[in-house]
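The structure is given below, and queries will be raised subsequently.
Chain naming follows the written order as A, B, C and D, and within any one chain the residues start at number 1.
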Amino acid sequence: MEELLKTIIDNNRIWTKHGKVASYIPELAKANPDALGIHIFDLECNEFYAGDYETAFTIQSVSKVITLICALIDKGKEAVFSKVGTEPSADPFNSIIKLETRNSHKPLNPFINAGAIACTSLVSGDNGIEKFERVIEMVKKMANNPNIQVNFNVYQSEKLTGNTNRAIAYYLKGANIIERDVEDVLDAYFKLCSIEVTVKDVATIAAVIANGGITPWSNERIVPKEVNQIVQAIMMTCGLYDASGEFAVKIGVPSKSGVGGCIMSVVPKKMGIAVVGPALDESGNSIGGKKVLEELSEKLNLSIF
Amino acid sequence: MEELLKTIIDNNRIWTKHGKVASYIPELAKANPDALGIHIFDLECNEFYAGDYETAFTIQSVSKVITLICALIDKGKEAVFSKVGTEPSADPFNSIIKLETRNSHKPLNPFINAGAIACTSLVSGDNGIEKFERVIEMVKKMANNPNIQVNFNVYQSEKLTGNTNRAIAYYLKGANIIERDVEDVLDAYFKLCSIEVTVKDVATIAAVIANGGITPWSNERIVPKEVNQIVQAIMMTCGLYDASGEFAVKIGVPSKSGVGGCIMSVVPKKMGIAVVGPALDESGNSIGGKKVLEELSEKLNLSIF
Amino acid sequence: MEELLKTIIDNNRIWTKHGKVASYIPELAKANPDALGIHIFDLECNEFYAGDYETAFTIQSVSKVITLICALIDKGKEAVFSKVGTEPSADPFNSIIKLETRNSHKPLNPFINAGAIACTSLVSGDNGIEKFERVIEMVKKMANNPNIQVNFNVYQSEKLTGNTNRAIAYYLKGANIIERDVEDVLDAYFKLCSIEVTVKDVATIAAVIANGGITPWSNERIVPKEVNQIVQAIMMTCGLYDASGEFAVKIGVPSKSGVGGCIMSVVPKKMGIAVVGPALDESGNSIGGKKVLEELSEKLNLSIF
Amino acid sequence: MEELLKTIIDNNRIWTKHGKVASYIPELAKANPDALGIHIFDLECNEFYAGDYETAFTIQSVSKVITLICALIDKGKEAVFSKVGTEPSADPFNSIIKLETRNSHKPLNPFINAGAIACTSLVSGDNGIEKFERVIEMVKKMANNPNIQVNFNVYQSEKLTGNTNRAIAYYLKGANIIERDVEDVLDAYFKLCSIEVTVKDVATIAAVIANGGITPWSNERIVPKEVNQIVQAIMMTCGLYDASGEFAVKIGVPSKSGVGGCIMSVVPKKMGIAVVGPALDESGNSIGGKKVLEELSEKLNLSIF
């Protein structure tokens, strides 16, 4: 298996030349554009990895998955889906307010910024700090890694340049989607995007979801069955911005990407996979990561269709 | 099983009161709004049915699945996806041209009208009649029913009132997405929408897809493996208009609806399901049919997530 | 003349029953929906009035005209139009960010909220208080009334409920259209909307513009000729939200409306007119005021076309 | 005066290098991109011209003004404005269906293609030929030139490549905005766009409008006063596609442009002006023509504001 992963990484590293590292957050622009790494965590707790698997990166939008899980556990699906929709958007990842909302101003889904900010405000906690703590504790538990923490420089950079997210949050407040202090909610949101991880962490999180919400290493249920199912469905239809449909066709497993260059993929009842490659395509997805997953899915016949 | 189906139909028939039969095509308005029926065809060729399973109805947008299959077989995925995208649309089913296209004027996906008209023009055949024959032959083969034919009155009605589809087709021609005589392509498209079927026919078609493209009754491959996989992925992300995301969350299997009131669902490696209920919700999906599938999916644990 | 004005007010008061007082700012909802008044100030300094001409109301979007004048005087047309466009918008008055901007994220014109917030930030002054003082001083000068002041309750109400404007302002900051502290600029903007006036004040302002930028009472130039011309052109094409075109057809003079119920009309080289009627139509324009101006324009042949 | 015109043409000819001749209709691509000419017809019947004033060109969208005049005369303003709006659009000239319509699917205004096609269908006549004859007779009368005729090659080229207009027309038919045979209406529309004229013809037409609808040469009313006023108002707000607002600011007189390179300007109570310059800017307006009118308006103080 590790031989296979090594070959696939080598085959696709050339693609990193065709993408660009995210630059709208200055701190992200410092990432190594040539990096490409993969980690697999299967349900028998075997681990396989290749390439730049040791690279640390910020989790960015992959955190939206765990925020959604926490919001669903804390408030229930009725409450969450009264504030956020479940429909994919055909708009680019940087589209703004109007395009991210529809009737009744509900964000289209939990994986666009507007939806994730709304979910952050739904997570249990009296203030932004408590909400952040709630989600990062879940990240640590799912990743089986108590040492995960925020990259402070990225957090500062996000906060300093996050005016479009501020615009979204105030719009949501004006539409009664979020109710509390906007800066407090945003502070939690920016911290969650800035959590620093490795592909091993993310593959472990994915393995919990692939295992139905139960940790493969200790057989403990940490995500309720129904929540786990909902999250996978939304990953399938909305996980890769406006390339989610193409990803379903080409790779065919529930996934979520982040502008830090990570893609997390869940192969139900088989394994969790994480790739990282900071060079992004026009949709904001890791260009090398997508190619790696495409070849891997084909060779291992991973598509659920 | 038939007991279960009967119970589920009875439980949900009340929902038909909350929907409306499609009326933009006058002939469709004649359907019985109270009807609700289901048919299951499993991969051991067992059949189960309940409710108004004998009702005949026109296939409408469910035909887009078979048209896509034929286009992919006849022209290959590169050619098809150079003319039609694979991304879900958040727009309502009756949205028009601009909202159904993006960069390079490509229709967003094969299951909106613009995309299906483009796929119709890609199917093999020197003219509209040959293209229609190509697709209806595939419908008969997949449904294992050589007697399937067009409902002439619906076809006439579609053709007479199809000016929005004409607008779409001329727009596609202006954008070089389709190249031939617009009326000729539309004539094939209108006929394909007007094919008359029962839930048994549609469930049989779904069973072929659920079986990987191979007929469960004669073990014959009629859809290539890769095509079968692509079609299921697009059904999952785009099959129920702007309620596709919600459907993935609540039912969780690749499906396609039509304004005739049918929903076809594919449970991979298990069974094909078809429901019919002409009363539609605001998204244009069978309101009773969705509820029946929701209860069935929960009770039989059908979701692929 | 006063006889004519009285008749026109009487003829059209019935229309106030068909509109609704603005309610999104709670304090505005307290206005008298039946009020209807008019004041004319001609270039020989004759004044005519009828109806509820004594009603005090907040100037709301009519202040955008004076803000634009100040921005053009203080920064010059090149600087202003590098940040704000001059094109009418077909979107409703409450449309939000995306619909109010185009390429390079420039607000479409100075009379939508996004454009007026950008103009407020362009006005001279080191902070929001100085910018506010700059514009209200111009309002007092043009209205020939040193006693004009802010309605404190409306200002508080605007500030408390202004989250959509906050969203717009942060979006503009993210797009580098405005550069300073968002809350500081918004504070000036909310105060400017809350300036309390009567139709006499507004008709006097309009008379200055009608007189080419020169006060009819003291023959003093207070608006440069070119600025005066630009402002009238934009009032003509963008002054009544998405009913600007209809207004040009039916009344035919440069005008600007506000959700407080005022419409200010400039009849070049003839007179300034102000009407007030807090009951608004769907576009956000005074329903009675529009009808009064329509009859007046027809009877006095005021259209410039 | 002719000296002035010559100087202005010379000053601005350089701008033609920065534009591009319309190419979506192949026959239009043959125009000379360097041409730049002007003709003025004042209300004392003096004529002044300079530059390439002898160039023949097709009238294109300038015909929309005369079509609107005929529709208003033949059906009355209520009937016309029940089918077509009067609001400017911020969308580019080649925007399509959805963006050209709003509630109830009414085209936004009579000067976008959708609105002009609707107006063509409203003109008196039992069929496309009679409607065409109705409008071209008005063109000849207003231009005081009985020899005006259609450029057959351009007409053929428009008809052959007019699929986007076909899309618009079928969409309007589907929305019950037009009722008759689509190809028949389009045939009249394509012919009207293909009428061949010179700047002398267009300046003469403009002079009739500038004179309140009365021919300056024979003192004959050919456009009713109210129709004349409506048409000027719509030219002011919608005449130059999505640059109408900028044109109002910079030139300040009711105008209409066409992709053949002509701009017709009406200076009320003073003169009619026509410029031609086939090199267009990004909005589809003559790039040299706009600059010529800008300088002329400044030097002669033509703005109505």
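The rule is short, and it goes like this: a residue touches a chain if its C-beta (ideal position, glycine included) is under 8 Å from a C-beta of that chain, and two chains touch if they have at least 3 such contacts.
This one's a predicted model, so the numbers in the text were calculated from it and none came from an experiment.
Asker: Measuring centre to centre, with centres taken as mean CA positions, what chain is farthest from subunit D?
Answerer: The chain lying farthest from subunit D is A.
Asker: With chain centres defined as C-alpha means, what is the inter-centre distance between subunit B and subunit D in Å?
Answerer: Taking the average C-alpha coordinate of subunit B and of subunit D, the gap between them is 46 Å.
Asker: Based only on mean CA positions, could you tell me how far subunit C sits from subunit D in angstrom?
Answerer: Centres of subunit C and subunit D (C-alpha means) sit 32 Å apart.
Asker: Starting from the mean Cα coordinates of subunit A and subunit D, work out the distance between those two points in Å.
Answerer: 53
Asker: Check each residue of subunit C and list the ones that touch at least two other chains.
Answerer: none
Asker: Pairwise, which chains touch?
Answerer: So, checking each combination of chains, I get A-B, A-C, B-D, C-D as the touching pairs.
Asker: Report the residues of subunit D in contact with subunit C in the complex, numbered from low to high.
Answerer: 85-91, 102, 108-109, 228-230, 232-234, 236-238, 242-246, 248-249, 252, 254, 268, 303-305
Asker: Please give the residue numbers of subunit A that touch subunit C in the complex, ascending.
Answerer: Listed in rising order, the residues are 95-99, 161, 163-164, 166-171, 173-175, 182.
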